[in-house]
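Structure record follows, encoded as structure tokens.
In this document, chain identifiers A, B and C correspond to the written order of the chains, with residue numbering beginning at 1 in each.
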């Protein structure tokens, strides 16, 4: 039994009087798609930000591939193999789609204190970036300004950027949010095709969750109330009461 | 070192600090409540001084000059807010900075048009022009004591206003949650107008208080506004308490530094070196202090908890 | 001139390429206009001078120098989103880096620094600017938004007051020098040569900024401007990149200061007053920040307005100020819109 990719123990975060993350412990196993579900305000995004480094916890630990990254800054976590997408789509709106992904590739491809050579001529960046766009189905939008993409396309772009560094762990914050059914189906297909990619996924769309997830953790008011296989979660009394509703 | 000289300079430092607080309080209120950066705040300082100067010369009394000038400068504040400022609240801080920079140009030239390019000296009544003698034979100008006293009274008033009145509650609430306050039926527009005008009045009063000493002159606002910024940066932008403490700190350091740095330097270097270096270093002192504080606490000493 | 293969260019119709900024403006129209503008910038003063008129040469020399300063500011402002309100300090530092050595070489007193060697002056200007940028940038860049604006302003004033209080170099009254930097091959006493030097420097500055902005480093800076959280999540420590950009910008502006000192031969703390920094900001913004050559346009408009308006009245600052306010209020999206920032509140 191999070690989990990410091991979270006793993570805590308070904002003023509110305990957003309350003694959270979970594991993300190698190659698994681990979904986090929970009602609004449960602290899912806070948890993700603690794992990706945008926030620092008040207590607890985050071990990534055996390494303690609890207090490591976000930009350093990207280099150890953690990649994330944001709940509110976060791309470089002024750059082209291709530039966006190339920049993501660039982060993992040598240093960027190069001030002279035109970056658009670097095929070692442009080609892998274009390949990622092709996988996402965005290749015909390559020269569009990212700000002009539709919402769904921007989420796809974000995913492409997250994948650009061949991350060991993907942290996805509601990748399907705001998408129509076609786009959602497409995204599920893409995520499903990422075989062997360890992934921690926050999602509200239950169909997507039960299709994709190997395991599910349920977060309510900052605490994990259940973790397990999808069927177990579906049947769990406490979860049904807190979140899923009897109709599931 | 002469104790008497130290006490005098200490009091001078307090006086400068109080003046800076009057300026900084308006700045920090405007920033804390409306999230608005007002470069032209120093212009109210200047215009207040000039209005007071004219009224003092017209009525023959400095006290009357001040009393009549206060509502006038408040009105100038209201009009400025109504014409220009209120259209910019939703804009980027850069827009605030650029627009108020333009305002400075407008105010500076307008003052020049109305009052001419030269400064105006204000005569003080005899009873204010004298000196007070402290135990130990230390002598200090009466007027400067008055400035300190007035400033402290106003500071106390602001404290009561912000912490113990309904308006103060709205001010503090407005800072943290604009929409909520609006939903409570309070007219945000009036609130912002009032806060801005209050700030203008405070700046104007500061200008009025200093002008008998330094005379009312064009450009007086531009010099002191940066110092006021340093104060609120050190104190924490948006914090009244921070502004008060930082203002006193800056006033004291600046004054005492200019007065005694060359003496201090003479302990460690030659007289010549000391006399060349001291003026430059003392001019830079408050900025060096600002830099040192920021290096450790980029948000200032007392940043407000709610924003 | 497109760097992309033809097949993709043919498909990029939907208005997006048309909005590209920063990569040397929009397509070749902008390129061609820039070229024409630069030619005019050289032709007018030179021809006027050859016809016996030095007035235009003077104005255009000053214009090229301020353009270099504005171009340097645009690197961090238009492309990096950093609003530095203290850039005039670099102009002053560069000017004093010329003035002080020349002063000592004529009047004696500080042999280590006395020199009329132009290369030494430039090296000194660059060195002092770099050191100042490194120290103040390291502190300022830890802050955001309005704090950054105020802190750069404060540091600028610090240098101003320091200069005012050093009476050995004139203090408030300024420093007049009676010799210009001596450079190999050209004599800066010849106004045409001085202009040529400044103009050549402007071309070099434009080229350098163009390369930087299109490089790996440049694209990180530009990404950090629009979306700092995202650039960190990708793996870039924005602080280090910005610091380097700030130093480069400061050095370029310091160099412009050295040119300014040579041009005016009168160096005073007034060059570094924060209101001068405000003027530089306006030049960048009037010209449309985010285009490499934009600041040249902005500087031209600004100086032109200044020249024209000051002939009508000595109170020209009044309509000028109103114009500035009007620009901010009524230009669509605010002037920040021109900067490529979304109109309305940003998360500082």
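Following the convention adopted for this analysis, contacts are C-beta pairs under 8 Å (C-beta built on N, C-alpha and C of every residue); 3 or more make two chains touch, one makes a residue touch a chain.
None of these values were measured; they are calculated from a predicted model.
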Report the most central chain, judged by the distance from each chain's C-alpha mean to the global C-alpha mean.
C
Can you name the chain that lies farthest from chain A, using the mean of each chain's Cα atoms as its centre?
B
Report the inter-chain centroid distance for chain A and chain C in whole angstrom, where each centroid is the mean of the CA atoms.
41
Distance between the CA centroids of chain B and chain C (whole Å) is 32
Report the inter-chain centroid distance for chain A and chain B in whole angstrom, where each centroid is the mean of the CA atoms.
49
Seen from chain C, its contact residues with chain A in the complex are 3-4, 8-9, 11-12, 14-17, 19-22, 211-212, 214-220, 222-223, 226-227, 229-238, 241, 244, 248, 340
Considering only the defined contacts, which chain C positions touch chain B in the complex?
83, 85, 136, 139, 142-143, 145-147, 149-151, 153-155, 157-158, 161-162, 164-168, 274-275, 278, 281-282, 285, 315, 317-318, 320-325, 327-329, 334-336, 339, 341, 343-346, 348
Listed in rising order, chain A residues that touch chain C in their complex are 52-54, 73-76, 78-79, 83-84, 86, 90-96, 99, 103-104, 106-108, 112-122, 140, 142-145, 148, 161, 165
In the complex with chain C, residue positions of chain B that touch it:
31, 35, 37, 84, 87-88, 90-95, 97-99, 101-106, 108-110, 112-113, 222, 226, 229-230, 232-233, 237, 276, 279-280, 282-284, 287-288, 290-291, 294-295, 298-299
